[in-house]
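In the two assemblies presented below, chain A is common to both, partnered first by chain B and then by chain C.
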Partner chain A sequence: MSTVAWITTRGLLGRRRFLLLLPLPILMIGVALIPRFEGVSPQQWAQPVLVAMGFITLLPIVSLIVGTGVLGAEIDDGTITHILSKPLARWKIVVPKLLVAIGVTAASAAVPFYIVGVLASGPRLGVGLIVGSTVGAVLYSTIFVALSLISRRPVLLGLVYVIIWEGLLSNLVSGTRVLSVQQYALTIADKASASDLLSGNVSFPVAVVMSIVVTVGFLALAIRKLSSFSVTGETS
Partner chain B sequence: MSSPAGVIHDIGYQRYEGERLGRGDVFLALYTQSLRSVFGLGRNFKAKIFPWLVVSVVAIVGIVIMAIRAQTGEVVISYSMLPQVLGTLMVLFVAIAAPELVSRDLHSGVLPLYFSRPLRPADYALAKLAALVSAIVMVWGGGQVLVFIGAAFSVKGFTNVMNELGDAGLGVIYTALYAIVYGSIAVLVASLLKRRAVAAAAVVGTFLITAPIVGVFYILPSETAHQLAQLFNPASLVGGVGDWLFEPTSSSEELGIGPFGPLYAAVTLGLIALCVTLLIARYRKVSQS
Partner chain C sequence: MTLDVTGVSRWYGNVVAVNDVTMTLGSGVTGLLGPNGAGKTTLLHMMAGFLPPSRGTLTVDGEPTWRNPAVYRKLGLVSERESVHSYLTAHEFVLVSAKLHGLPDPAAAATRALSLVEMAEFQDRRIGTYSKGMRQRARVAAALVHEPDVLLLDEPFNGMDPRQRMHMMDLLHRLGQAGRTILFSSHILEEVEQLSGTVQVMVSGRLAASGDFRTIRRLMTNRPHVFAVQSTDDRRLAVALMHQPSVNGVDLGRDGLTVRAGDYGSFTRALPRIALKEGIRVRRLLPSDESLESVFSYLVEA
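Then we have the complex of A and B:
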């Protein structure tokens, strides 16, 4: 584990801040328990819990907090200069930080997704959901890490993207589904679990190809942006 | 009193001889300054982009409703529906504005400076909350006023205008209820987090994650569970109060709240009281550390 990755992990989880990652997964499991013990068939409750709560809310929000935290926090308070002034290639800074973000996001999403999947149908669905949520974590984290290098206010842009694009448009307008991370993750989870509880709206090859394109594209963008990063003073 | 450990030397600065303003004036100054900063007034251009974007979206929606009404006479969205229709925008607005108001002060550690004045912790918390609530009422209530202006010129007869004014007034009061619920939740969540970015995400998370709970309760077999489902999300909670107040006829519908209208009102008031109490307690604790 490189030093950059080690520092980033400690910065993310070292203080009480990591407690922030707990309420959303706990709530998701808790909500799944209610219909489970009321005897409602999983056909009915899997959709609101897994898709509306998991893929639309938990995954992007956790990714946003973690993804903008690994680089954005340091840019915000100016301590990024300490790392930038070391004789390290810029990609060696971006890649470990991104990997830490993906790891933390994927871990905190995988646990509730697996438990809810097991509650709904069985371990097969649970494993499928882990695959899907990990793909989602990779995509969202890459996008948000890149975003924190593109803009000084990454969270504002990220929230608008999550709420308007992923939350509203990709569920209402069918055309934007082809460009929606949530739909890729859902489709891949559907394919991996072979369950009839999930239904992807884009075809599997499209989801895989677009996932790779988005990840590589935003990673390249992030490295390029950090290579030409200029330290500016406090704005607002 | 122990013996003084040091001496403050008089190095010749001019003394302030004028009147010292009290607690009320400090409160008012803090409120005004906070309200200005929500809209980015007195700050740079970047801070103005988002709030004025929201203002223009609400204004455009208001003008469109006004135009449709003037042309066809059809009421597309009633006054009380407007804050609900633009509810997602309101979540975004409080998520950006509340951390701007409270998290910055926590992050830069200037709170001891505030509390060295006659200002009390509760005053600080309430001034910030009041500023956010007023800002929401100004924007969304402003949209309703736009619709009213259009309606007032298109209906005929003085009594009709007065009826319209009554509806619009109720609409603005309903907006204020939205503003207080959303504002107190957002300021409370933001006051717990120092980093603006994290606070904004946490506020949105609070609002979004509770929405699917409502959906889960709808699929439970019991009728009572359906009628109580909307209690679990701030947006649908206030929506339920609105149903009770404005559309008593819809209570028989599938998504209705049944006979639980007063319960919705009580829960709403309880939620506001809880958030405000916790917020004040939070600043009591901050002021002592």
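Then we have the complex of A and C:
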């Protein structure tokens, strides 16, 4: 484990905001348990729990908390200068931090997604959901890490993106679906699980190609931004 | 090993923070002196490669500092903002620095840096539990772990008690004597006086004076001073004062006298003597331009 990754993990797990990661997965599992033991058919509850709670809420919110935590929090409190004042190529800072963000997000999402998938249909759906949510974790994390370098208010910007764009527009305006991380993740989960409980709204090739384009694009942007990062703040 | 600043300016929109500064720093301790808001931090940030200059160049040994991470092999920075990973112990913190520098033996380097700042005995306590002075020393250890040739410190003595201050001064002094280039900023004259022979004085973004401290200090004490004086008989006192060679001018106002004195010492010694001789009681004597700002702006004009 690289030193950057180590200190990032320590910083992430050491902050209180880490506890924010717990309620959503617990809630999602809880909500799935009720109909399951009431004997309600999965056709009726799987879609809303998986899509509305999982892909629309849990995945982007967890990614937002973690993604803005690995770099944004250090920029906020100024500890970023300790890492920046080292003879390290900037990608060697961005990539380990991003990997930590992806790892933590994917792990926090995989557990509830797998459990709910098994409850609804079986391990095949569970595994498919892990694949889909991991793709989502990669995409969202990359976007939010880049956002914390573009803006001083990455959490706000991220929330606007998640709520307005993903939550509202891509459900109302069909054209925006082609530019929606949630749709890529859903489509890939659908393909991987081959379940009739999920239905993606974009084609599989589009989802794969766009996922790669978005990841590479935002990663490159983040590295570029960090290379010319200016420390601002009180000047005296 | 030199740090060269050539024609550097930095502005934020319409505000000019640093205005056409040129200086060359060699080995030894140099003080960067100036009132708050003079642009010291902005200049230090540019030297440390944390901010691009709007104009001009900053180099360490000929290499630019902006967008050049390799320069940190030779450069260390202790920023003013007291940001540390408080959940780490000092040893972990310095060790992380050593590892990020890619040093061949990071553990040995960390131990050496910590003993240099005399923190070895506290190194296994979490930084969050330290006093301000200890935290500062831990940060200096982290900045020194790769034995940089150039060390920049932004207001290193802020908030330290006299003992901690002496300790830090002693450390910087030793580092300077060992041939390193040390630059520290301060808005307190006495700090600079105790620590460094050479000073760079900044006032509102410009380099106002530069060179030997004693020369600059002399300029500062021998400058004309303005005093506000109130007495039982202002008019008679004004006449008597005008006979004094140390007095350059007197204004008689409703609230008393405004006296412009050529130098501080002889005027303040002469005034009680005159008052006694004339039988006038002095009610109030206020030096009216003792702020650091006015001291510095006098230097700009000198």
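We take it that the second predicted complex is superposed on the first by the 230 of 236 C-alpha atoms of A that agree within 3 Å, B and C clash if a C-alpha of one lies under 4 Å from a C-alpha of the other, contacts with A are read in each partner's own complex, and residues count from 1 in each chain.
The rule we apply is simple: a contact is a pair of C-beta atoms (placed from the backbone, for glycine too) under 8 Å apart; a residue touches a chain by one contact, two chains touch by 3 or more.
Predicted, not measured: the structure shown is a model, and the values here were computed from it.
J.: Based on the superposed arrangement, let me know which partner A:R152 touches: chain B (first), chain C (second), both, or neither?
T.: The first partner, chain B, only.
J.: After lining up the shared chain so the two structures overlap, which partner does A:G167 touch, if you call chain B first and chain C second: first, second, both or neither?
T.: After superposition on chain A, A:G167 lies in contact with chain B alone.
J.: Once chain A of both complexes is superposed, is A:S230 in touch with chain B (first), chain C (second), both, or neither?
T.: second
J.: Could you tell me if A:V181 is touching chain B, chain C, both of them or neither one (first, second, both, neither)?
T.: A:V181 contacts neither chain B nor chain C.
J.: Quick check for you: in the superposed arrangement, does A:I75 touch first (chain B), second (chain C), both or neither?
T.: Touch status of A:I75: no partner.
J.: On the superposed three-chain arrangement, identify whether chain B or chain C touches more chain A residues.
T.: Touching more of chain A: B.
J.: After lining up the shared chain so the two structures overlap, which partner does A:V94 touch, if you call chain B first and chain C second: first, second, both or neither?
T.: Neither partner.
J.: Please identify the positions on chain A that touch both chain B and chain C, taking each partner from its own complex.
T.: 235-236.
J.: Per the contact definition, I'd like the list of chain C residues that touch chain A in the complex.
T.: 12, 17, 36-42, 45, 48, 50-52, 67, 69-73, 75-77, 79-81, 83-85, 87-88, 96-97, 99-102, 142-143
J.: Which stretch or stretches of chain A touch chain B in the complex?
T.: By the definition above, chain A touches chain B via 17, 20, 23-24, 27-28, 31, 34-35, 38, 40, 44-45, 48-49, 52-53, 56-58, 61, 64-65, 68-69, 72-73, 76, 152-156, 158-160, 162-164, 167-168, 235-236.
J.: For chain A, which residues are in contact with chain C within the complex?
T.: Listed in rising order, the residues of chain A that touch chain C are 3-4, 6-7, 10-11, 14, 77-79, 81-90, 227-231, 233-236.
J.: For a test of understanding, state which residues of chain B touch chain A in their complex under the given definition.
T.: Counting only chain B, the residues touching chain A are 43-44, 46-47, 50, 88, 91-92, 95-96, 193, 195-198, 200-202, 204-205, 208-209, 211-213, 215-217, 219-221.
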